[in-house]
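Here is the structure we will look at, set down as structure tokens.
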Amino acid sequence: MLDKILNKVQTGELTIEEAKQQLAAYENLGYAKVDHQRKQRTGFPEVIYGEGKTPEQLIAIIDAIQEHDNDVLATRISREKANVIMAHHPACVYNETARILYHKRTLETSSNDNGYIAIVCAGTSDLKVAEEAALTAELFGSNVRRIYDVGVAGLHRLLDNLEEIQGANVSVVVAGMEGALASVVGGLVSHPVVAVPTSVGYGANFQGISALLAMLNACSSGISVVNIDNGFGAAYNAVMIDRLTHKSEK
Amino acid sequence: MLDKILNKVQTGELTIEEAKQQLAAYENLGYAKVDHQRKQRTGFPEVIYGEGKTPEQLIAIIDAIQEHDNDVLATRISREKANVIMAHHPACVYNETARILYHKRTLETSSNDNGYIAIVCAGTSDLKVAEEAALTAELFGSNVRRIYDVGVAGLHRLLDNLEEIQGANVSVVVAGMEGALASVVGGLVSHPVVAVPTSVGYGANFQGISALLAMLNACSSGISVVNIDNGFGAAYNAVMIDRLTHKSEK
Amino acid sequence: MLDKILNKVQTGELTIEEAKQQLAAYENLGYAKVDHQRKQRTGFPEVIYGEGKTPEQLIAIIDAIQEHDNDVLATRISREKANVIMAHHPACVYNETARILYHKRTLETSSNDNGYIAIVCAGTSDLKVAEEAALTAELFGSNVRRIYDVGVAGLHRLLDNLEEIQGANVSVVVAGMEGALASVVGGLVSHPVVAVPTSVGYGANFQGISALLAMLNACSSGISVVNIDNGFGAAYNAVMIDRLTHKSEK
Amino acid sequence: MLDKILNKVQTGELTIEEAKQQLAAYENLGYAKVDHQRKQRTGFPEVIYGEGKTPEQLIAIIDAIQEHDNDVLATRISREKANVIMAHHPACVYNETARILYHKRTLETSSNDNGYIAIVCAGTSDLKVAEEAALTAELFGSNVRRIYDVGVAGLHRLLDNLEEIQGANVSVVVAGMEGALASVVGGLVSHPVVAVPTSVGYGANFQGISALLAMLNACSSGISVVNIDNGFGAAYNAVMIDRLTHKSEK
Amino acid sequence: MLDKILNKVQTGELTIEEAKQQLAAYENLGYAKVDHQRKQRTGFPEVIYGEGKTPEQLIAIIDAIQEHDNDVLATRISREKANVIMAHHPACVYNETARILYHKRTLETSSNDNGYIAIVCAGTSDLKVAEEAALTAELFGSNVRRIYDVGVAGLHRLLDNLEEIQGANVSVVVAGMEGALASVVGGLVSHPVVAVPTSVGYGANFQGISALLAMLNACSSGISVVNIDNGFGAAYNAVMIDRLTHKSEK
Amino acid sequence: MLDKILNKVQTGELTIEEAKQQLAAYENLGYAKVDHQRKQRTGFPEVIYGEGKTPEQLIAIIDAIQEHDNDVLATRISREKANVIMAHHPACVYNETARILYHKRTLETSSNDNGYIAIVCAGTSDLKVAEEAALTAELFGSNVRRIYDVGVAGLHRLLDNLEEIQGANVSVVVAGMEGALASVVGGLVSHPVVAVPTSVGYGANFQGISALLAMLNACSSGISVVNIDNGFGAAYNAVMIDRLTHKSEK
Amino acid sequence: MLDKILNKVQTGELTIEEAKQQLAAYENLGYAKVDHQRKQRTGFPEVIYGEGKTPEQLIAIIDAIQEHDNDVLATRISREKANVIMAHHPACVYNETARILYHKRTLETSSNDNGYIAIVCAGTSDLKVAEEAALTAELFGSNVRRIYDVGVAGLHRLLDNLEEIQGANVSVVVAGMEGALASVVGGLVSHPVVAVPTSVGYGANFQGISALLAMLNACSSGISVVNIDNGFGAAYNAVMIDRLTHKSEK
Amino acid sequence: MLDKILNKVQTGELTIEEAKQQLAAYENLGYAKVDHQRKQRTGFPEVIYGEGKTPEQLIAIIDAIQEHDNDVLATRISREKANVIMAHHPACVYNETARILYHKRTLETSSNDNGYIAIVCAGTSDLKVAEEAALTAELFGSNVRRIYDVGVAGLHRLLDNLEEIQGANVSVVVAGMEGALASVVGGLVSHPVVAVPTSVGYGANFQGISALLAMLNACSSGISVVNIDNGFGAAYNAVMIDRLTHKSEK
């Protein structure tokens, strides 16, 4: 990258200011720098992490994004914040289970022949995280299949859905408590598994540590792990992997 | 208990000295008090925990036990210690995998119609702990079936042995790493499961914490847990449970 | 199990659809899969874990269970949720200390000659967990004796109730703080002890870790441990053990 | 899967025994069950985890694998064990840095137009883990580029190699201490990053916890994490991802 | 110090009472001892830590300070407490982001040729801590430059501001999550870096432990660390360092 | 003890019922067993731990205690609970800082020649715990001297009060944050020090763990430690020690 | 203290040099400062902590102590170091169980009417720590009674020795594993208990954390805790308490 | 920096290759990249961290450094490694206490009027870390004063050396166990304190965590902390601070 920019500066293709632009293409709101060229560079739009930001800050950031005709995707948005924001940005849609607020300008209709991401979750209590993952992946243009409430306590529920899981390009496995689902799925598929520990449980689950450690120590190979409750991160990762299936097409 | 002893003291059935004997029936070796009536009281002989004891101390304790014609059962005995002890007590037998040294006087031939304890273990590396459990249970007079190397990474190995596990009175499930085997077995049987986390693994397994937490948080019901690597404790517990099946016979 | 089903498929006893039913006998509510044949398979009805479910979800799950004439047992139900649910399901009964909501159709009158489970608890603050265990065991058809507030700080209170504890088939010992009660009871009885650490205490008890570690390291044998505050799990385990005493009758 | 097997049993295509074979295709060595059909099912051969196994056990497992003409790949093999094994299996090759012993029968010459996996590591002390990853990936048939000693303390070393990293299908980032390299690389590439925390460091690194936590909390998206020092697991995961790039070709 | 005082006592320069005054120069409010000579001794005024103190206690302490014409600087003051205090002390100023309440009597106009402290922060969510540091440093008389929202996920934002950071006498680097910014800045500057981990993040960040450990294990040299969220402490430290640049002038 | 009771039973001095009374002298309220002879046995009245008990339960326990003319001492009582209780028991006195509710029937005027306990505390924020200790000790009849706000950050404050601390029979040292005060006091006195870590602080103090570990590792000898924030336990311990000074008088 | 010294300086009773001597009465060996007046000041001789010191350093420190005719007490001395030291200092005595090397010049024959310290320990494996405590207390001139191997797993062993424990001025309770002995003893005596957790056990005992937490959370009052395995510290504390019984005699 | 290089490229002052050199000025040894221009850029030579490197690797790295006539400074070098290296590089000097191997070409005689760094340490066991700090600082050209064995258990030893500590530009405080020395020194000086926790101690010190947490929570201001046992890092930081005192001279 550096090489190319230096080359262009020497040949005059780029002025120094342009060269700097190429590396620093964000808008400075003072308390935040909004990155408008992120999608061009990485194939993903700038995503807003909603926790700890005021509705006012969120509205201003969305303003800045929309002025550049970019998609809006904000995670960890409470119902209360969503209501305030949607009063200013009525085009935004809110999904309460996934706690995601979004505005998708160009509907990338993902064709079915791309394959899909399987979002597998253990219990009803893991739903929020699973939906954060599923909706994120869909908004990023991947096909998604939801296989929910198939925890290992009732193994037949999982085996009954096995073929659908095995058919995916990549699985996102969401589980709390002892997180055994990741190991079991990992042993039954031959594609990468992104495991998401959730904070579901009580006592010695320590807000998700039990599931996190279990997943890091999974006896099956092919499993990697994201942070506790990080449905968004898992989806982001899975979409990156899913997109590789199209690579040779291009 | 107190009531009965007091009663007998009042009626003269017991002298005061006898009453004290009833509560304190051990031999004082100075550094250890050996309990010779333990088997009468609890149905289990005094067991020697070998870790941290010198061969000399172990020999002396075994001397004291044998003078009362009791069985010897010593756990966590290294091959080196075993050799020294067996030079003095040639009747003792040593099992290296289980790290158990024992001398069983009366061979309680356990009849097959009692049912059995299933000792289920995840991987070859859990063998030591599984064998400590299996041998302990056998020495205490229970029937044992070993179902080894059936970790969830290859679920078919477990399912293939399912019927034998389901037929047990109680299962001891031994697993390290993410300890998922306990949850999976717990969901497939309708008898109590005693789970033993092992310190097998590396990195974020933290010498067995990952498996311990997973088992404590097992999403299946009917699972209880003993200390990391505590094959003996699991077997002791399982034998107690197994013996209840004969209770109504008596 | 697999063997039998495959056999029946081959002989025509089972159609493929029936074979699948046998393994997957749940109703799919979308966010939850309700298992209506669980009682037949395991001897225990499907139990609802109330934490993190909305009253609406709980009502729908109970609807589904009741349509199959199964018993209802929901744990970790707050007074508020209970009120909403009972407005829809007036046959349900709520026990606030145990935080359990239930509807028992067939009153299995447990005969006294079965023996009983002793629920032993250390202090008044452990009452909630002890009652969750006691009521669960009773609803599953076991006899229960409550021995409460007998922590080791006043050993005479425990010794005075010793005979009743010693007479049980299995004990559930509930204690917070340093959890010493499990070790002491374990040393005085000759039946299995299921220990429940509670989060009672403050400072270096770390929400129950002190009691959990103490119980896992109990110097007495025959003790196994369930998750912190998991009165339900302990009772489930104890009932499984208690039922083994009738096994030879059948 | 279940569906298909049941179907074939009904139509007579499979006998019951054959159906069971399909689910359980391992050889039982007593202490270990060797899975000879693993490569057919998952595309990966059975891999031997060497830690805690005796040379004798390892030799026997390798015997069993070679009788089925499968490739041998054993990780965490010390120089001492390797020497003993190679005396029996002279065709095996040993790589001391990677601690891997292998015998590759069919040399899958990976063509360069497949793209490659970038193995990026922070410091010389992370070399063992990085090489375990690199060699594993190569043995599984992927192209690998090694970019070593590019930790963030000297950012210019990383930036100088940036283009090569950016060109990969997937990166494996290996780092100990504060593990910052994963975040920095994650922010500079648009493909998936598999992060491997290493136990390198001292004091408050707690044998790799500092790097593990840092990587789980990476502020860049697209990063997932495997266990501490788990170079093999990272490579396995990366190869699975890398293979997806050929999916549409088939 | 002891030596000098003893000398003066001997020569009569100091009475015993005066000698004691020199060591103990505080006012006793009963629940607090206010140190009025702290600025003379250390160059810094007594600072009030507001957390856990009632508005009434805070008002009384400020009363005591103002009677000696000292500056007021109170940290961790909520908006609610600030309002109550300012009703009594209208000369006080409140900065809500920094949660600081202050009254600066003598405006030490810091001349620009002194150099400056760079306050560098990773994300918008770290703002509170960064502002606590920045305002504290300004109130203590140092020049401050704020370089905010330059986390390593978008490295170009940092590189674009590098020259300003490199020009400082000392940097305060504020970051949560994986805290990688401290390592990266530390590798790019040749002055001391005071790193402040923040509790920003979720899941396995454990309220700032991930950033704390990362910073303690920073692979760059020249970094030292203060407590989680301790913006005040970092600024205090940085000002002490910044003042050394004037030492030889005096 | 056992010996004596058995002797008296034999000689007829005690009936069996009386013998049992001697060991079990409590009143059974169902949810609590109140120990009315505790003061005779241990020299301390039964103390009520208020946390987690309802006002109704507290009132009933106090009723039971008062019927036996015993003193009332209840700790961890909030202002709200205290108000409800005092409406029923107007003779009770409430100290809000110490969170103690008490009713002392016989005012044991402690004579000054007994010596005293020094309650030393580091900062204003440790006041609650220090006052719980001080009031408890006074209610148990010991003389108390309060030396507050003498943390090591301003060593002169401590040295100025040193003689008073050194004159005590025993010191209770209360400190949060880094808990250094215990070590420093321990090095300056020649009597036992009971150290109380408090949960005061933030970030890496982990609710008192920093102070707890510091005190357990104090480099000075003669220091022992009670639980975090356990002012009552420290006072109880200190009073036991203080009373030993009168032992030879009796 | 300060006051007195300042007074004497003013009146000429002390020169400045003498005043400084009073505060700093140690000999500087370069790597260590030996405190020869410690016994006069605190009633205890300077004690040498042997861990991590070379035999040469230990010999030199003992030389320095002996030149002032002070007693020698060195803890944590291995058999190997002891042999080297005793070759130079043949008057020294070594106790291997306690790992203590000492030379007591004046044999303080402690009269039996002083009362005694009870050293109570749970199991044979706690012996080293118990003996370190017992011998230390004896060398400091207290009477000691050893009550060993009375862990709560066999409660009758403890109850049989209860009277002797209850008769002490202070008890030191040494226990590993779950450390329940401290709570049980604390509930049965009315004198202070100093609890010493030991690192005895395995798995989830975490080198003594289980016992440490249990003791800090003991439900009995009157218990304070020292560091894991710190027999010396417990004895030091107990002797300080024991000496208070003579205070009023003087 | 970027700006300047781009400018020079545009003006032709730098060729692209030269521009790249400026950012990447290291020599690639394969397993390590040696940075020969580090001293020019940062004022500090490249330092070799010896742990985990073989003598052969160390010799090769030193070869590379010496070919550029740079100083050699290698930390964490054992006596064994040092002997091997010095056989090849006889000009190197080894300090065993500090575990440092060095070769200083140009003896920067530091003039006394620069002020000095005070290296303060608590006990003899902290010596290794203190010497690593002291020697590092001297090799980097700072004046150093050693104030050793002044832990807070004997406060007079510290007070006696107070003036020398107070006179420093910056203090490095090295302490294990409870780490109280940092707080006490921090409260007595008015310059920055760099605190180094050491792993000295046992039991609940957890290899230095007790001291680390204590120092992070120090109640005195002006203290920042480096990693456990990181004497080198503390010195590096202190030298950076010390050099600022000369800044205005230049």
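Per-chain residue numbering starts at 1, and chain names A, B, C, D, E, F, G and H are given in the order in which the chains are listed.
Please note the rule applied: a contact is a pair of C-beta atoms (placed from the backbone, for glycine too) under 8 Å apart; a residue touches a chain by one contact, two chains touch by 3 or more.
The structure presented is a predicted model; accordingly, all values stated were derived computationally and were not measured.
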Problem - Pair of chains joined by more contacts [C-beta pairs], G-H or E-G - result: G-H
Handout entry: Maximum centroid distance from chain G, chain identifier (CA atoms)
Key = A
Fill in the blank from the handout: CA centroids of chain A and chain F: separation to the nearest Å works out as 54
Fill in the blank from the handout: Between the Cα centroids of chain D and chain H the separation in whole angstrom comes to 38
Exercise for the section: Please work out the Cα centroid separation of chain C and chain D, and write it as a whole number of Å. Expected result: 42
Exercise for the section: Could you give the separation in Å between the centres of chain C and chain G, each centre being the mean of its C-alpha atoms? Expected result: 48
Problem - Numbers and ranges of chain A residues touching at least 2 other chains - result: 2-3, 20, 23, 154, 159-160, 203-205, 209, 212, 216-217, 221, 227-228
Completion exercise
Pairwise, the chains that touch are A-B, A-C, A-D, A-E, A-H, B-C, B-D, B-F, B-G, C-D, C-F, C-G, D-E, D-H, E-F, E-G, E-H, F-G, F-H, G-H
Problem - Complex contact set, residues of chain D against chain B - result: 20, 23-26, 30-33, 35, 49, 51-53, 57, 197, 199, 207-209, 212, 227-230
Problem - Touch list for chain B against partner chain A, complex - result: 122-123, 151-155, 177-180, 182-184, 186-188, 201, 203-206, 209-211, 213-221
Completion exercise
In their shared complex, chain F is touched by residues of chain C numbered 124-125, 127, 148-150, 154, 156-157, 159-160, 200, 202-205
Handout entry: Touch list for chain H against partner chain E, complex
Key = 1-3, 41-44, 47, 115, 159-160, 162-163, 166, 169-170, 190-192, 194, 212, 216-217, 221-228, 232-234, 236-237, 240-242, 244-249
Completion exercise
Interface with chain A, chain H side, in the complex: residues 2-3, 6-7, 9-10, 16, 19-20, 23
